[in-house]
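What follows is chain A paired twice: with chain B in the first complex and chain C in the second.
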Partner chain A sequence: MIDFSAPKNRKTFGYLLLAPAVILMAAIIVYPILLSVDVSLQDVRIARIGEDAKPRTLDNYRWLFGSHEFWRAGWVTAKMVFFVGGTALVIGLATAMLVNQRFKGRAAARLFVALPWAVPEVVATVVWAWMLDSSFGVINWGLLQVGLIDQPIQFASDANAAFFAVCFVMIWKGYPLMSIMLLAGLQSIPEEQYQAAKVDGAGPFQRFWYVTIPNLMPVIGVTLVMTTLWVFRDFAIIHVLTEGGPLGATTSLSIMTYEQSFSFFRMGQGAAVGVVTLIICAFISRALVGRFANSPH
Partner chain B sequence: MKDSKLRQAAIYITVILVIAILLFPIYWMVVTALSPVHQLRSFPPSFWPESPQWDVFSTLLANQPFGLWLKNTVTIAIATMILALSVSIFAAYALSRYRLRGGTTIGLFILTSKMLPATLLVIPFFAIFRSMGMVGSLWSVVITQATLIVPFCTWMLKGYFDTIPEELEHAALVDGCSPLGTIWRIVLPVAAPGLAATALYAFVISWSDFLFSRTFLQTSESKWTLNMGIAAMKGEFVTDWNVIMAASLMASLPILLVFLVLERFLVGGLASGAEK
Partner chain C sequence: MKRLSRIAATTALALTTTLSALSVSAETLTFVSWQKDDPSFGAWWDEVIAEFEATHEGVDIEMTRVARNEYATSMFTMFAGAAPPDIVHLAAFEYQPFAAEGWLEPLDPYIAESGLDLTGWAGQATCEWDGNTSCLMLLYAGYVMAYNEALLADAGVTTPPTDWESFLAAARAATKDTDGDGVTDKFGVGMPTKGASSVMHGILNFVLGAGGDWTVDGKPTFDSEGTIEGLRRWKQLFDEGLTPRDLGTSDMRQLHIEGHIAMLLDGPWVRGVQKRAAEDMLPNLKLAKTPFSPPVGGTSNVLAIPSDISDERKNLVWDFIQIAASEKYQQRFSAISSSPAPRPGLDYSAEIAAEPYFELIAEQANAAAAAGVDRLPRGLEIEFPEVGKIVLQEVQRMLIEDIDPAVTGKTIQERVLAIKK
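== the complex of A and B ==
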C-alpha cells in the first residue's frame, strides 16, 4: 500500500483520482468518434462491432456533397442558428438587465425568468405544438383576434410556418441559459465604470453601449457558441414537433444524421453527415471563442 | 423621491408583463390539463378552467402505463446522477488541487463533448450496445448520458472546490486523516451546496433525455421513459390534448419543484461552469 500522504506520492494520487474520468471519457467519447469516422468510410447499413469491416471508400462523402438534401439541411441549420441565436441573445440580455435592476422580489423574478430551462424539451415541444395547433391553438386565435392573419396558419404543412415554429420552441428553451450567464456577467461589471461614465455625461444608452456591451463581450461570445452548438445538436424539439418536415423545411444536419441512420438504416451515410457536422462545429466554436476572447475589455 | 417611486412602478409592471409572456406556455399546460374536452375546442379559448377536471389524471393512469414510464425515468436519472457525481468528484478534486500535466487536455475534453453532435454519437453507441446485447437496457441510456454530463459536472465541482481554502485539508492531513478520508470528511461537507447543484444538474439533464432513450429503448415498450411516452401520445391522440398536457405537467412538475427550491445554487453553478 502506497502512503498517499507522503509528498512524493501526491502526484500519483492526483492521477489516480483523475483516472476514472479519463477512462470514462475515452470510452464514451474518443472511441465512439473514431468508430463513427470508420463507419462513415464504409457502406454500412446497420453497424455492429466485430463484423468484418467493409472496404474503406469515400463514397459516402461523395454522395453527401453531391446531394441536394445535405446542402438544404446545412442551409436550414444555418438559418436556425442565426435566428435562434440572435433572438435568444436579445431576449436573454433584456431579461438579464431587467432582473438586474434593484426592486423587491427580484430573486423571485430571476427564478421565474429562468424557469423554462427546467422544462424537459419534449414537454416544451408538446405544449407549443398544442398552442400552435391550426384549429384550436391559442396562438392562431390570438393572431386572428388582433387581425394579423385572416385565416389560421397551418404550422404542420406550411414550410415557413413550421420552420418558425421550431425556432420559437428553441428560443423559449434556450433564452434562460443566456439570461443566467449574462446576468452573472452583468454582476461582474464594476459599478465605478458606470459612475465614471455618468460623470462624463453619458446617458443610459451610451452607458449601455460603451460600458455594458464591451464588458459583456466575452460572455456573449461563450453563450453564442453554446447556443449555436446546441441548435446544431438539437434532436428532440425538431423530431417531436415536425419530424424534419414538411418537405425537409426543418431537417437540420442533426435530424438528417439521425434519419439516414435510424429511419433509412444507412449508417455509413448518416455517420458521414455527422462527421461533417462535427468538423463544422469545431471550426465555429474555435472561431467564435477566439474572436470574443480577443475583444477589448 | 416621487421619481424613484414611478421608476419602481414601471419596473414592476415590466417584470410582471415579461414573466407573464415568458411563462405563458407553462400556464397554458396547466389550464389545458384541467379543462374539459369540449372547452378545448371552443373559440375563443377560455383562459381559466371553469370547473377543473381532476379526473384527467385517472384517465391518464388508466389509458397509459404512466407509472412504468415514471419508474424508468426516475431509475435512469438517479443512476446517471450517481455515476456522474462519483466520477466527477474525484476528477474535479484532482483538477482543483493538483498541478497535473494533462490538465489542459481534460479541458479540451469538455469542449469536445460540448461540440459533439449527439446524433453522431448515437451511431457508434448503437453499434456497441447491439454487439453487447444492451439495446433495450436502461443502462445503455445511463452510460451514454454520462458523456454529456461528466465533463460539465467536473467543471462545476472544480469551481466550488477552488473556493474552499486548502488549509482545512492540511489541518486534517496533519491530524492523520488519509487523503481520501479528507475528501470525504472535509471537502464534500463544505462543498455541499456545490454538490447539490451538480447533482441537480445531472438529474435535470438526464430526466430530459429523449435522443438516447428514443434510440436504444424504442423497441422494448416496458423500458419507455416519460418523454418517449409523451412524444408517442402526441402522435397518437390528436384530440386528447388535456390528457397529453396532464402527462406533460406530471413529467415536468418534479423538475420544476426541484428547480424552484435549489435555483440559487444551480444558477451559480451553471454560470461558473459554463464560462470555463
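== the complex of A and C ==
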C-alpha cells in the first residue's frame, strides 16, 4: 500500500490524478492523429478500422508534393490566413477599443459586436450565400441600385469575387473572437500606465503605440494563433458558399482533404493532405506563440 | 415503510413491463435513408416497413434520416467504421465504391432461392458489379420538362418547345426584367451550376439531343462532335443570360415554383415539387416531353445488404427487399410516387386516372430506357466523383474564360483519360 500523504509519494500521486485526463486526451486526440499518419502511409482508397494494414509507402506524399492542386490549395490557404487574420485583427481591435469606452448603450454595442460569433456557422453561411447570389441576391441588387456596379458581380463564378466573398464571410464570423479577446486584454492594462504616459506628454497615438499595443501583444499572439488555425481548418463556410470553386479559387487545404477522402474515396491521399496541414499548423502555432510570448512587454 | 414498499412495487412493475417489451422487440434492423419523411417516397417506405413489421413479429425497423448532400459521406463513414446500417439504401450513382470494396453482399443466391424474377426490371443492369448482383434497383426515370404556362404565354409561346431551336427561342422570349430595375427577374430556363452531378445531368440533356454522350461502350467521348455541340448549346444559355447563374438544382426548382423560371429539365419528381407551389401558381405549372431526344434518363436509388452483418440479419433484410419488390408494393410505389415502378407488367390505369402526367412520365422513362441512357456514364462508375469534378471545373472555366467548347471537350477528355490510367 502506497502512502500518498508521504512527501516522497506526492509526485506519484500527482501523476495518478493526471492519468485519467492524459489517457482520455491520448484516446481522443493522439490516437486519431496516429491513425491518420498510418493511413497516409498506405496506398488505400477506403481505410477501414480493424482491417489489416497495407504495406507502408510514401506514394501519397510523392503524389501530394507533385500535385499542382496541393500547391494551389496551400497558396489559397495562405492568402486566406493573411487576409482574414489581418483584417479580423484590425476590425477586432477597433471594435474592442470602441466598446472599451464608456458611453451610453455600451452593453448593447458589446452584444452587437459579439453577435456574429453566436450565430451557427452553417446557418450564417447559408444566409450569406443567398445574399451574395448573383441573380437574386440583395447585395448585388443594392450595389446596382446605388450605381456602384452596372452588372451583377458573379460571386460564385468569378475567381476573385468568390475568394473575397469567402474571406468576407470568414472575417464577419471571426472578428468577434478577436474583439472579445482583445477587450479582455484592454481591460487588464493598468490605468496607471496611461496616466504616467499622459504625465510624460504622450498623445493618444503614442499611448496607443507605446502602452496599448505592447500590453496587448500576448493576447494578439494567442488570438492570431487561434484565428490562423480556424482559417486553416474551416470547412463549412467555403463548402456552403463555393464548394472550393470556381476553378479551385477557394479550395483550401481542408476542402482538399475532404474532397480526396470523402468525395473521391482516396483516403490515403486525403490523410496525407491532413497530416501535412497538421504539421504546417504546428509550426505556425509554435512560431506565433514564441514570437509574441517573447514580445518586449 | 408503506411508502417504500409502494415505490418498490411500482419500480418492479415498470421494470417487468420494460423487459417484456424488450423481449418482444428483441431485434431491430437499422435503416438509413434520405427519403424518410419525404412527401411521396417517405410514405411508401412507411408502408413497406409496416408490412415487414406485421409479418416479422419481434423485429422492428428503425429508420433514420440523413440529408441527401451528406448522405454518401455518412454511409461511407458508417461502413468504414464497420457499423453499416442493416438495410442499405444508396443512390444508383454512388453504390459502386461500396460494392468494389466488397461491402455489399451478392444478392444472386437470395434471388435464386426466392425465385424473384428480375427479367425486364428497369435499370437492374446498373446493379451488376463485378459479375454479381449487388443491389435491387428501385427507380428508373426519364427526364421531363417542367414549364410555367403563363410565363411562356406572356412571352408569346403557346406550345412547349419540341427541339433545340424552339427551346432557345422560348427561353429568349421568356427572359425578362419585368419590374424595370435593371435586373432580370424572369428567366427562360434554369440550369444548375452547383453540384458536379447536377451540372453533368443538366448538360447531358443537350449532349444527348445533339447526338453525343459522355461515354460510348464504356470509353470516354467528351471530345466527340455531339458532346461538343451539347456543351456549346448549354454555354449559349449562359452567354445570353437565359438562366440564373451560381445556383443548385433545389434553388432552381424553388425559383420555378415561385414563377421566376419558365422551363426546367428535371426528373419526374419535379411534379412533386410543383405541387408545393402556391395555390394561384399551381395551375400554371405543367409538364411536357423534353425538347431533346432521347431524354436524359437513369437509375435513381438502390437497396442492398451489407456483407458485414450476421446471416440471420441478412435473411431479414432480404425479406424486406422482397416486400419492396413485391407486386403489391411496386404498385403502391407507382400510386404514391406518381412514377412508373421498375417491376414490369404492372397495371397503371388507376395511377393514370389519378395523375394526368403519369403517362407522359412513363413514356419518357421508356424512351430513355429504349435508348440505353443512364445519367451515370458507363465505364466511369468508380471514378464518377472525380469525373464530375473535372467536368464542373472545365465547364466553369469555359463560361468564365469564354473558352471554345471544342477546347473544353478536349481538355475534359484528356483529364478523364489521365485518371483512368
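Everything that follows uses one rule, which is that the second predicted complex is superposed on the first by the 273 of 297 C-alpha atoms of A that agree within 3 Å, B and C clash if a C-alpha of one lies under 4 Å from a C-alpha of the other, contacts with A are read in each partner's own complex, and residues count from 1 in each chain.
The criterion applied here is as follows: a residue touches a chain if its C-beta (ideal position, glycine included) is under 8 Å from a C-beta of that chain, and two chains touch if they have at least 3 such contacts.
None of the values given here were measured: they were computed from a predicted structure.
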| item | value |
| --- | --- |
| Joint occupancy of chain A by chain B and chain C, clash or fit | clash |
| Contacts of A:Asp158 with chain B and chain C, given as first, second, both or neither | second |
| Touched partner set for A:Pro32, first chain B, second chain C, both or neither | first |
| Chain B or chain C, by number of chain A residues touched | B |
| Partner chain(s) touched by A:Leu278 [first = chain B, second = chain C, both, neither] | first |
| Partner chain(s) touched by A:Val222 [first = chain B, second = chain C, both, neither] | first |
| Touched partner set for A:Ser263, first chain B, second chain C, both or neither | second |
| Touched partner set for A:Arg48, first chain B, second chain C, both or neither | both |
| Contacts of A:Pro246 with chain B and chain C, given as first, second, both or neither | second |
| Contacts of A:Phe136 with chain B and chain C, given as first, second, both or neither | both |
| Colliding region between chain B and chain C, picked from 63-71, 99-107 or 279-287 after the shared-chain fit | 63-71 |
| Doubly contacted residues of chain A, that is, touched by chain B and again by chain C | 46-50, 133, 135-136, 141, 145, 262, 267 |
| In the complex, chain B residues that touch chain A | 8, 11-12, 14-15, 18-19, 22-23, 25-26, 28-29, 32, 40-41, 43-45, 86-88, 90-91, 93-95, 97-98, 100, 102, 106, 109, 111-128, 130-131, 143-144, 146-147, 150-151, 154, 173, 178-180, 204, 207-208, 210-211, 214-215, 226-227, 230-231, 234, 241, 244-245, 248, 251-252, 255-256, 258-260, 263-264, 267-268, 270-272, 274-275 |
| Chain A-touching residues of chain C, taken from the complex the two chains share | 72-73, 76, 79-82, 97, 101, 181-185, 187, 193-195, 244-247, 255, 260, 385-386, 389, 392-393, 396-397, 399-400 |
| List of chain A residues in touch with chain B within their complex | 4-5, 10-11, 13-15, 17-18, 20-22, 24-25, 28-29, 31-33, 35-36, 39, 46-50, 95, 98-99, 101, 103, 107, 109-124, 126-131, 133, 135-136, 138, 141, 145, 172, 177, 180-181, 183-184, 219, 222-223, 226, 229, 232-233, 235-236, 239-240, 253-255, 257-258, 261-262, 267, 270-271, 274-275, 277-278, 281-282, 285 |
| Residues on chain A engaged by chain C in the complex (per definition of touch) | 45-50, 133-136, 140-141, 144-145, 152, 154-159, 243, 245-248, 259, 262-265, 267 |
